[in-house]
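Each of the next two complexes has subunit A plus one more chain, namely subunit B in the first and subunit C in the second.
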Partner chain A sequence: MSVRDAVDPWEALRGLPMGQRIELSDGRGGVFVGSVVPRHELSGERILILKLESGYNVGVRIGAEASYRLLEPTPTPERRAEPRSPAEGGPHAAGRWITLLATGGTIASRIDYETGGVRPVREEREILAFYPDLGKSGRVRIVPVFDRLSEDFVPADWATLAEKVVDAFRDGAEGIVIPHGTDTLGFTAAALSFLVRDLPGPVVLVGAQRSPDRPSSDGSSNLAAAAAVARDRRIGEVVVVMHAGLSDTRFAIHRGTWVRKMHSSRRDAFESRNGPVLGEVENGEVHLSGPVRSAAAGPARAELPLDDRAGLLWFYPGLDPHRAEEFVRPLRGVILAGTGLGHVALRHLGWIRAATVRGILVGMTTQCLAGDSDPYVYATGRDLLRAGVLYLGDLLPETAYAKLVWALGRSNDPAEVTRLMREDQVGESPGRHPARGEPA
Partner chain B sequence: MKAGLEVHQQLSLSKLFCACPSELSEEVLGTVVRRLRPAGGEDRAIDAAAAFQASRELRYRYEVVPSSCLVELDEEPPHPLNPAALDTALALALLLNARPVDEITVMRKIVVDGSNTSGFQRTALIATDGHLDVDGRRISILSVCLEEDAARKVRESGEEVTYRLDRLGIPLVEIATGPEISTGREARAVAQEIGALLRATRRVRRGIGTIREDLNVSADGGHRIEIKGVQELNKIQEYVDREVARQRLLLEIRDELARRSAPPPDGRPVDLTGLVDDITSGPLAGAGKGSTVVLALALPGFDGLLRSPAGTEERLGRELADQARALGVRGLLHSDELPAHGITEERVREIRARLMLGAGDAFVLVSERSRDRAELVLRRVAQRANAARSGVPGETRDPLAEGRSRYSRPLPGRDRMYPETDIPPIPIGRDRIRSVERSLPERPEARRARLAREHGLDPEVVRQIVYSEDEEPFEELTAHGHAPALVARLLLHELPSVTRPEGSGPFALEPVTLDALLTAVESGRFAKEGIPAVLSALAAGAPDLDTAVERSGLSGFRAEELAALVDRVVRANEELVRRRGKEAFSALMGDVMREVRGRRDGKEVADALRAAIARIADGEAPPTGTGS
Partner chain C sequence: MSVRDAVDPWEALRGLPMGQRIELSDGRGGVFVGSVVPRHELSGERILILKLESGYNVGVRIGAEASYRLLEPTPTPERRAEPRSPAEGGPHAAGRWITLLATGGTIASRIDYETGGVRPVREEREILAFYPDLGKSGRVRIVPVFDRLSEDFVPADWATLAEKVVDAFRDGAEGIVIPHGTDTLGFTAAALSFLVRDLPGPVVLVGAQRSPDRPSSDGSSNLAAAAAVARDRRIGEVVVVMHAGLSDTRFAIHRGTWVRKMHSSRRDAFESRNGPVLGEVENGEVHLSGPVRSAAAGPARAELPLDDRAGLLWFYPGLDPHRAEEFVRPLRGVILAGTGLGHVALRHLGWIRAATVRGILVGMTTQCLAGDSDPYVYATGRDLLRAGVLYLGDLLPETAYAKLVWALGRSNDPAEVTRLMREDQVGESPGRHPARGEPA
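Here is the complex of A and B:
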């Protein structure tokens, strides 16, 4: 049938179901045969996107002179779906299992052709479709927990994850893998380190810097390495496993409280700051080299609730003390990422003194993201110390924030919160910063 | 029969999705190792070609060169598409009378052979529906695309393939003609015309490998077959004829299988490891010995259809064997070629009994160390045999030297393409088209007319210049004031005649060196006859022009030395000169030139010799020379 009536052809065309095959004349001499696919959210006005028979997508501007004809769908060619082994390992699989707590993020995202961005997968089935090899080295149970990108996480989600970790260990998992978006993966790793104690096995957070709809995704190799670490009985702490370099061959094991995303796009974006990596995975084998916390007898327990009335404030030269004061007012504690050894401008002393007097914890870290904070070297530090600032040594700002969220949940007494913050809980402060000379 | 061409040309601009220079490099800073796995597109279908490549499970090593960046390593999102490359593609589209699309969507074409670090090639359809007139015939242009070139394969060993990143991302224009080419001669003319158009933009890279052609062929009732990377245009006719014959045979086999009501092969392998262990020759020699397994597959209804029928070299058996070879195994044996290779008639009967075959049935044998691999091969063979029931399967094939082509992988389909979401759609507005139109380069035919007119050159010489890569240097050098005839001779004859060691490729010089060379000739430093010697010296490794001139012995032959030489030759032949007068010139000129060795201009030498001859012939005593 030919459609050329009084109505604006754009109105008719935009209403066609996705996948509808048409022959389109743009009225300017161009004729296209293809199926209607979603418009990109940045597509121009009155642009219809057609997937041509060649596979190319083209955008055609639909003017009043355009016309089209509906066509039968192309017969779909035979699909050769590769056989997929069930992740549970089948009836013959013996031994224990690891539990995968799916949260979303790039590692479990696929392209959204409408927005052009990536969106999290929502089903276990989809995860298995991406990672058919996941079950090869042993049994895997998949528990969907969230389906969100990590920038959308809030501290309450850490509590949910902590409970799921405890549940999974109670149910008999030998280790846990948490695929997670990489943007805030460091925060979650630090938070879980404080929130879940007496771990009988590893809790491994893992992510991907390239979405799994790309053949080059690092997701599958990271996940395989994470699964290997999760099966390692020597480990009883929260770790992050990601690429150690740009090759798909070596994977670094980072302590959850020492790790930070240090690059926006590289596969090896995650680095252990101040302390060493705990080990590496190569050819599926786990090699430990750092001060690994051994597995506890268990059972794992969650230290909950947490209290998210905590803040993280990055000092900058133009920071207005009144703004800072307003920011801190509703909070029970704030972590400052100060300059250098842990400094802020002296004009901030007023609100800081007032806050600490009111029992608000003000913790100091360094925005250098490497090295110690130290109040004694400069007069500013000594002034801040006198104003009640708690210097947190070489804790990363994010780790200090996560620790604070945990500590505030443990007690309403500011003195007790300060004590918890001051004490080493889970080896979160590397403390010792080895020197390395120039290569001889 | 229908054939179409796809011409791929590298542009001499920075890379398509990053700012790196489009230059090849021999300096390797380090390597990165990756693996790739197929991924689905919008409808989650995994493309057949992608799944096939991934099934080989190779490891890819990428050599990083000084000009590499994180984009090439797939460690950073692509930067916006290079606008100069897009404008060049648009200019070509307009020169080809094609219609630019209203909004460009950059696509990901899945390629998991490792040649792209991302596992896909970024490509965009820029224009459709153009045409080109070649020798009075109109050839349709289906599409003009802009894509990124793949990484350069350096070596392949076992499970690892090494690529260098330098070529990855170089902008590539792809021009596809309609399937209207019917002769090899026509294919060459079309390719030449497209090549001249591409060079007219002045933005193409030159030299070996910067332009590549694919051939699409389909016989009547057959299917489109893509023969990738045909190097010699002369061979196109042969590839086309062989491909048409192959497709005709496959169509006959299809009809015969239908007549026999052959069921599809079930693809279940039967283990014959104990039974077959006496193969003495052929692709399966030694099968069943040691730790190898022998598997067989029944092909019901295929008896007699695997061998070549009279009058053709094509055969279905070879198509099945090509499937096996594409998976990296040596090959297979089929029942139409048995008994042979040590397999007796008795053994064939036993095999047929084990497979429970009837009279019209056939079988194939494979042997491998790994059972999984053998089974994979047979699955592929079964699929191919099954496809024979519907005629010609669409395929990508590699051209072989002997004129036939060989299966390389399934024809990539639309499943292979999905949008590159990291690049927003690019609108092509009227303003952009108008601005491209304003700076459109001169068309080749106009350029031919102009060059002939401006330089008074022979039309055939002009044609050679415009249809070669020499056009740009020709224009550049003549614009510098060098004599057109001298430049044409240098580019068309003297440069291509320089011999180089085997395998080191054709000799090329930077325009600046050519310019200096011509200046040296014109300033009388040495004669144009000396050009071949200087070129040879440069080809042999002289670091610069001065050294080359020195090494060719062309420097320091002064006018007085020439006079002395002429004097010496004339005196030695005084009798001849006196007897024959001016006619002695041609006899003596050769002797003089041999000694001058291009160090002075030929005309100057001739004048000097004529003058010397005239002096003796007219009875003058020859002047006393200084001797040499």
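Here is the complex of A and C:
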């Protein structure tokens, strides 16, 4: 049935049931085949959102010249694999589920076609409307936790998420997926790595660099890959799953403490900076290659409370020592992102020494974001060491900050906090790098 | 003549003239052929420093079992190429020189073998002793400017260097080489890009990731490559020359505003983050491939004074808005390194709006260190834009800060400073990236 409404085509199109497959011509050369996605109060007038066969969504402006025809629903291929035994590293046993802790972010956002910007979706049914494939490979429970963009997260939110992870495992989930804004996804992944221990299954953070109703959205494919990883019983750590390279079907599995967002818009923006990727997902299959931490017997437990009297300060030429001192004064600890092997100007030695004497932890990382920080190569490093600075090897500044928020919550004794910071806790510092600045 | 001293071999070895070639056996299996390098008051007792045939230096501890024999000097091959015409892009005309502005840093440092640390060398004769090949391909003038490690640089030092560059060109140099500590080399390269204009030749910053008296030093080869670039009359901008990849003979030429140190210890630590490398040096030949700015007629001029009432603040989850406000209060401008496309938590909107109303420039960059910052994709970006934040595209945070230090020095009028920051000045923002967060 081809329809050219004598009246406004928008009047007919807006009334189509959700999920109806259509072929839509916008009358300006664009032809789209897909299913109608529910509209929102914020969608622009005369914008129809279609989920294309590719999984991408597109918003089409419906002018007077638009036409469409109704299509039959697509038959869904049944691709349910025979469950393998958990001992064989099979993806999942029948009857278990993964729990999705929804937090907001691009992966759960949509374009507001009136302003051109992106806003978070707030309800479970919206998430399922955008990701109808999510439940196909096994049971999924959805627990809305937050509905915000990740730049608004604070450490207290990491504590809330840690508790929800423990709850979900206690309730029987075999793995957890946390869709999360990509802006601070690396921070949260690092924080959860320290805050939740004895994981009986994977905790998988996943984001999208494009919102789900945009033609190029990566949310659907990322989420499917994350769900596959969350069902993998070989994994007992916090990981991040995002696109690898430019392939549409390859996804990298990053250790939560090694990963960093290294591009503002590319789909493959996330990189493991100081260690290998743990594995990949290709065409739905999980291939592990790195030093993966095995699942623990459980039960998972949260190491709380955390203490957010921590700071992260990036050094630069011209940073005023008085400003730095003021910045650090109310804190129990600060991570410095120093230059090179972990240096700051020597005129900062005074406040640093005074701070460490007061029991404030001053941890050193490198703003190079790769390679070790090392106090033994240059005179500056030895001076800083003598001033009480704790060198943190190749920890990313962000990971070191997340670790500090955890460690400060464990003890009020500066010596104990230092000991916790120095130790490898969850594979974040397995000592792969030479202690001295030897040729790389 | 093989010598086994009946008395302590150290007594004979310490008296050898500088430059004497010897074959040295340390009596513990090590045999070294090289020239004696001058000792320093800080060299450990019983440590002889040899420049090996490879160009690397090594410190050998002289025990009672050491022996040596004297060798003839190595004949120096004369590899002086026929000068090509400048119009053909030839490397240099006869009779001109390059000026080396020595600033300190690893490239002009040596190991203190007693402490195992590295200290800067302070005198021209030490630099020439370490880099005897420097003058072979043309005349070199050496002007010591500083003798410090680069983490101790402040913006006022950038002004001093800018003036020295102008002086050197005025005195007739065809190009400038600035050996510089690698820690803040990227900052200085960006700052000089804005501070010195109408360059009649190249200004080449170069560093070393290993001190010149260590076996794996890259200083000698980096400096030779930098000298070759400094003699290339096709180039009229500030560049950084450092090792490219793992090759011993390939060096990358980076635009000063695009380069960043991305590893704390690798020789190839420097990367052009948001643009192509401008070219390479291979076996002493300069190959240009990128969008190189041509040499100007000159004379070079310094745009001074600068104004260091600028700051650089990296956002993180948990950054206290009051701390950020205090940090910014005494400044005329601040560069924020935001998350993703250039975001900070919305609870920071208050102080940001108050600051911009007071005429403080608040510039936004991305801590991803690649890709654009862009206020039009998310609601957060539009809120920040309305609060008066200036989005700076894909400028590195460090480059944006250096540009701000320059721009604040040009005008006391906030609108004029904003205009200067928005404009492409020296090829730092040629608008290669899409303005919107489109698929990459």
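Note that the second predicted complex is superposed on the first by the 334 of 440 C-alpha atoms of A that agree within 3 Å, B and C clash if a C-alpha of one lies under 4 Å from a C-alpha of the other, contacts with A are read in each partner's own complex, and residues count from 1 in each chain.
Criterion: a contact is a pair of C-beta atoms (placed from the backbone, for glycine too) under 8 Å apart; a residue touches a chain by one contact, two chains touch by 3 or more.
Just so it is clear, the structure is predicted and the values come from calculations on it, not from any experiment.
Of the two partner chains placed by the overlay, neither subunit B nor subunit C lies in contact with A:Q425.
When the shared chain is aligned, subunit B and subunit C each come close enough to touch A:R210. By the touch criterion defined above, A:G29 reaches subunit B but does not reach subunit C. Touch criterion met: A:A379 reaches subunit C, while subunit B stays clear of it.
By the touch criterion defined above, A:V344 reaches subunit C but does not reach subunit B.
Contact with subunit B, but none with subunit C, is seen for A:I49 once the two complexes are overlaid on the shared chain. Once the two complexes are laid over each other on the shared chain, residue contacts for A:S411 go to neither subunit B nor subunit C.
Applying the stated contact rule after C-alpha superposition, one finds that A:R266 touches each of subunit B and subunit C.
According to the touch criterion, the shared surface of subunit A, contacted by subunit B in one complex and subunit C in the other, consists of residues 112, 116-118, 210, 216, 265-267.
For subunit B in complex with subunit A, the touching residues are 32-42, 44-46, 48, 50-51, 54, 70, 73-77, 99, 101-105, 107-110, 112, 117-120, 123-125, 128-129, 143, 145, 383, 412-419, 421, 424-425, 427.
Remark: subunit C residues 106, 112, 115-119, 149-155, 157-158, 181-184, 187-188, 209-210, 216, 261-267, 269, 308, 310-320, 323, 326-327, 330, 337-347, 366, 368-374, 376-382, 398, 401, 405, 437-440 touch subunit A in the complex. Chain contact summary for the complex, subunit A toward subunit B: residues 26, 28-32, 37, 40, 42-44, 47, 49, 51-61, 77, 79-82, 111-113, 116-118, 129, 210, 212-217, 220-221, 245-249, 265-267.
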